[in-house]
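You will see chain A twice below: alongside chain B first, and alongside chain C after that.
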Partner chain A sequence: MSYFFLGPALVFLGVLFLVPMVNLLLLGFQGFHHSIFQDTYLVYVIQFTYWQAFVSASLSVLVGFLFAFLIKEWNVFGGKILWKCGLLCSSLPSIIVALGILGSWGKQTTLFGWKGLLLGHVFLNFAIPLRLIGNALSDRERTSELTAQSLGMSRWGVFCNITISSIRPSLVSSWILAFLYSSTSLFIVLFLGGGPRFTTLEVALYEAVKLNLDNGRAIQIALLQAGVGAFLFFFYLKLQKKTNLESDRVDIQFFAPRRAWMKGLGGLCLWGLSFMCLGFPLVSIFVEGLGDWSFLDGAELLEAGLTTFAIATSVVVLSISILYPYLHYLYQVKPQGETSGWIWLIAIPQFFSSLVVALALSVFFPLVREVSWLSYLAVVSTQTLFVIPLIQFPLREGFLRMSKERNWIAQSLGASGWQRWLWVELPFMKRSLFLSALIGFGFSMGEVISILLFSPPGIKTLAMGIFQAMSRYRFQEARATTVVLLVVMISLFGIAGYLEDRDESSAR
Partner chain B sequence: MKPVLASALEKCQVLLEALQNKSQQKHLIFWSQLNPDLKNWNETARGYLKSFDLVQKYRDAKEGSPEAFLYSNSVESCVEFSDKYSLEIKKQEFAELGGLIFLSGLLFVVLRWALRRKNQVRFGILLLVSLSFCAQAKAKSEPILRVYSYDALTGRNSFGEFLSKKFFEKHHVKVQFVSFGTAGEAINQVVLEGSKTKADLLMGLDEVMFRKVQKRDLFHELEPSLSEGLVPDLKKSTTRTFIPFDYGFVSFVYDDSRTAFPKKVSLKTFPEILSAQHKVVIQDPRTSSLGIEFLIWTFEKLNDGAKKFWTALNPHILTVSPGWSGAYELFLRKQADFVISYTTSPAYHRIKEKKESIKPLIFEEGHFRQVEGISVLRSSSQKELASRFIQFVLGEEAQSQLPTYQWMYPARKAVVLPREFQDIPIPKQVTVDWDQISSKKDQWIQDWALMLSQDPK
Partner chain C sequence: MNQVLVENLLVNRAGFHLNLERLGIESGEVLGVMGQSGSGKSTLLQALAGFVPLVSGTIKVFGNEISQLSPEKRKVSLVFQKPWLFENQTVLENIAFGLKLQGLSKKEFQKTAEEWLRKMEIEELKDRRAWEISGGQAQRVALARAMAVHFPLLLLDEPFSALDSPLKKGLRKLVKQLVRDSGFCSVLVSHDWRDIEEVCHKVLILSEGKGLAYGTVHEVRQNTNPLVRAICED
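What follows is the complex of A and B.
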């Protein structure tokens, strides 16, 4: 029975991720006589990649922590909106973020180099610490804080000694994720980096695989990245085990400001920082993009929209049809407490760069870059590998909320497995499924790397359209397409945010 | 008599190639297995196509001579055969379409019965699917010439669109441009696809890229007559497998209204003339063809002085953009004073924006000339048709339109340029040693990356 539920996910992960990655590993070892470490420039690139990722991740965690604290502890005005915006910001295609930052801050100051990289990475990654730390702050065990305070410890002392240590796993986890995403960022580095001084391994990998067709060099770079990814993944897993502590929740805002003006100042600080880092670039995209729409080619836009829609729909359908039975088995069939290892197994791909995964796939199945329909299939498969870890959260929450008793009652009334699924489980899971579909859809709409790598001849998607328009002297069209994509993504994430709210209130 | 016969033979040749291509499509191959007659027709057509080169030899034979008689007889029999062959293929297609409609109808009836009239919307959808299936099958049978190229050559209002439209009007053959981010990506795709590639032609390759892949034996050798009528200067860039269709000179472009600068400068001293506030945006030679050409220009022309040049230019570099578009965007946004582009780029602003202030810098040492070419792939099954397309691209009609689409100079000589182009000074061209470039290019890129990875301060 378990084969039926777990099989599709394990086969998918095994055939399209694990086996190609192992193959890449073996190929990488074969090519080590021309080591990349002999290349002086590449050694500099390796050092810079991880140094900038360290700084970017630290800054993202700092900003995310500040936001999370002000939203969850001080409950400042509009905090909920910013909480939702985070999801949108981290899902925007990095080309849009780069264009927005160039169009806003780029006009005020010279951004290229450190400033541009940090701003871009904070924009894209701050939502990870915001969500993880925010949730850790809400769910933390507060009794020790109350006890310590009643014993005379100052609020600052409680914060430093108890609160920080209780949310430490989420701080470190979010730092790890932000570090990984910053070290594998491609377009932010390409557009805001500013040349060889600010190049990362991902750019070197892109050049090797796409422009020079140098698979040997690409494999070695990919291996290095995969090694760092795997190391951080296991470290991350270790942290997750520590956070699985259940505690009695006490719903009080322990660090709430004592005076109203302090809360106002906090709100001002939050909104000011949000506008500077996030709002200004987004507003500039709208202002520049809404200028003149006559440049927009309706037929091309429609074609791009339909292709984007088709790819995104395929990705969502494939992801859900693989993940749903997998989670159903873990949460409805399997005895509780034996699920964590299985859950993290399907999350592995997110710890690797999509370019590395796509490269592994194309090396193992060379036909995917040669045959047009296989290229589309490879695009959908690669995106699915990265959508599954993302949508597992809303789906898991749905399953966790659903009690097994419902199933047992239905079973005792004589309902078959399919009937129970159709009449008991599915109506309950409907909202989680829809939320997952929206998140998957949003991710796929903005994803460019797999499309760029496999590039089925003649493919047109909205995100690709921005690049294509820019290369034809059609900057206004690129901005207008950006607005279209942005509006669609804001609508999608608006609905996702609304559903998330409904989910939370129904959970209460 | 002769020109009429020659034109009939050419038309016949094109038609036979198109029909051959059609008959090679999977669905017709399947039908031809069932229909032995069609198989014979295909073989005869192949025989005709093979004998064309022989027949063409008699084209200029004197009237009344045995060769002229043979020629006119061959043309007549070919025309007769192609008409019959065309009819046979049409019959086959008709039968196929009828069969498909019948099968779709049958499927529709079966499904309707299965659904027991519960939902009319479903029937509508099924009907649409059936019809689109038939339409798709019909569309597949039209001959298509596939051209792999870079973005700017394809899409709306592009030179590619113009070519497709006009070629179809003239030869009734569809030309499909398949776009890639850069010409380099297009050639990489061809290398990856190997002999299975669907492309018939590659358009927009520059010399640097062409020479990189020249030894891979990807291209078909074309008739030398195709390159007759090109600008004499382009002779060195022309080979049997690479036919130039446009060219331009790499240079820095600036806005006269916001940056005061001498119009003629020396490449060697250019970084020294720049003031501390002047910002330059360049393209990355690892990702951009313009970027590599500028790098080659500096290393070829300045030799040992190239390192000094780049070290002096480094503090003025605002950013190294991955491609031309990003760099030009920064220049238009007024974030940079100079951008690497073409001496002809100002013509775009003059014609489209009526802006006269964008100017190219003219260097005393001369400029690197970028030549864009077109090549037919060895794997193409429509080589004759592809040659005809090249002929069309190099024809008077297409070449006279090229400047205002590509913003480059046409490869054909004696084409009248728009007034806005005529005002732009044509710079001296630097001579380059391609053997040296091939052997040293990678080292130059490596040196360049190391130089620019240093903090300029």
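What follows is the complex of A and C.
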């Protein structure tokens, strides 16, 4: 029985991720020390990659913490809007962020280099700490803070000694994720790095694969990336085991400002920072993009739109049909016991860069770069590997709300497996499924790397169109296409946010 | 005569063993089950309902051996601490859920469901959705849903514990009366001795998967075992 539910996901993950990755690692180990560490430029690139990732992650956590604290503890005006805007930023394709920064702050040539990288990475990653730390602040146990204050400890003392330690796991987790994403980002470095002095391993990997066609070097760089990814994955996993504490919630805003003007000032600073760093780049795309409308070729745009739609639909259908039975088994069928190991198994791909995963796939199945329909299949499969870890959250929440007991009651009343699924589970999971489909759609629409690597002949998606236009310095065309993509993505995100709100209110 | 008879029951659940020699429930009677956390109360209910397989033993309900049947074929209905209503359905549809599965016509199941709405005094909620009613009302719907199918064995897993005192009192009385009138056999798991005193005829006290005391409410109340006394007085 369990094979029927778990089988598709395990076969998919094994054949398209684990086996190709192991193969890549084995190939990469051959002569690893000789080539990588003897190339002084590459050694410099390695150092720069992890240095910039360290600074980017630290800055992202700092900004995310500031946002989370002011929104959750100070309850600043428009906090909910800022919370949602933050999440929108993290779901935007990095190529759009690069274009936005280029079109706004990028007009000052001093931006290129490390400043551009940091700005781009903070833009994309600050929402991770915002969400993790924000949730940790909301869910933390506050009675010990109240007790400490009643015993004479100052608010600052309570913050440093109790609050920080209670949200520490979320601080470290979000730092790890931000570090990982900053060290494997491609387009931010490619377009905002400004040259070989500010390049990273991901760009070196891209150059080796696409420009120099040097698979040997690419594999060795990928091995290094994968090693760091695997190390961070296990560290992150270890951290998660320590955070499964449940506490009684006391709804008090413990650190609320004592004076109204402080709250106003906090809100103003937050809105100012948001507009300068996040709003300005996005607004500039819209303002300039709408003026560049004439640069678009209608027929090409339609074709790109249809291709994007077709790939995104395939990715959504494939990810849901693989993940749904998997989670159904874990939450509705499996006898009581530990499920987190199974959950982490399907989340592994997100700890590796999509370029590394795509490279592993193309090395293990060389035909995917030669046969057209296999190239499409590889694009859909690679995107699915990354969509599954994203959509597991809404689906898991749906299954947890549905609960095994509800299924048991239906079963005890005489409902067969199919009747329970059709009459009880499916109506219950409808919203989670829709939300998952929106997230999958959003991700697939903005994804470029797998399409870039497998390059099915003649393929052009909206995001790929932006990349090609930017690479040829046709920024007007890139901006106009971005407006189209942005409108679709913001609409999708708006619906997803609305559904999330409804989920929260029905859970209450 | 015992209409529900459990003999030599052995359950192994992830290393935890539930071992009971003999339990009997007569028609219209409620058996109370008490014990500390982890003593096997919920495991017993899940074994009776078929969600946990037996290592050995028999479960006879009105003469039929059901231990080898799948849960949907056992005719054993369940009520939990939380009502777990089907949220996409109205109150009436929730109550009619099991009746539809029994193959009743629309007219028949609507009539029966409306009768149960009357018995539970929640007629005015008929067309409301699950999220539009209070916790106490939802628990009444859950009870009606489990009883409307008229299965011979009704399992109640702490159904009153999340309710406030006046509601609890009303529901205890209602459950006792409905079980007696309909001739079901019922098992009630609870942590509250008042539930047992007011609803049950017999009591089983469990400790670490074994029966520590079994008898009428009065007999168990007189038991001198310190652990039994502690559980009853808790």
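One rule holds for everything that comes next: the second predicted complex is superposed on the first by the 491 of 508 C-alpha atoms of A that agree within 3 Å, B and C clash if a C-alpha of one lies under 4 Å from a C-alpha of the other, contacts with A are read in each partner's own complex, and residues count from 1 in each chain.
In this text, a residue touches a chain if its C-beta (ideal position, glycine included) is under 8 Å from a C-beta of that chain, and two chains touch if they have at least 3 such contacts.
The structure presented is a predicted model; accordingly, all values stated were derived computationally and were not measured.
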| item | value |
| --- | --- |
| Dominant toucher of chain A (residue count), chain B or chain C | B |
| Contacts of A:Thr143 with chain B and chain C, given as first, second, both or neither | neither |
| Which superposed partner A:Arg369 touches (first chain B, second chain C, both, neither) | first |
| Which superposed partner A:Tyr44 touches (first chain B, second chain C, both, neither) | first |
| Which superposed partner A:Ser455 touches (first chain B, second chain C, both, neither) | first |
| Which superposed partner A:Ser491 touches (first chain B, second chain C, both, neither) | neither |
| Which superposed partner A:Pro427 touches (first chain B, second chain C, both, neither) | second |
| Partner chain in contact with A:Arg197 - chain B first, chain C second, else both or neither | first |
| Chain B/chain C common contact set on chain A | none |
| Chain C residues touching chain A - in the complex, by the definition given at the top | 14, 49, 51-52, 71-78, 80, 82, 84, 86-89, 97-98, 101-102, 131, 142, 145-146, 149 |
| Chain C contact footprint on chain A (complex, rising order) | 335-337, 403, 405-406, 408-416, 419, 423-424, 427-428, 430, 506 |
| Residues on chain A engaged by chain B in the complex (per definition of touch) | 39-41, 44, 102-103, 106-107, 110, 112, 190-191, 193-197, 199, 207, 210-211, 213, 297, 299-300, 366, 369-372, 452, 455, 457-458, 467-468, 470-473, 475 |
| Complex interface listing, chain B residues touching chain A | 148, 150-152, 155-156, 158, 176, 178-182, 184-185, 188-189, 191-194, 196, 198-199, 279, 284, 286-287, 317-326, 328-330, 332-333, 335, 348, 446, 448-450, 452-455 |
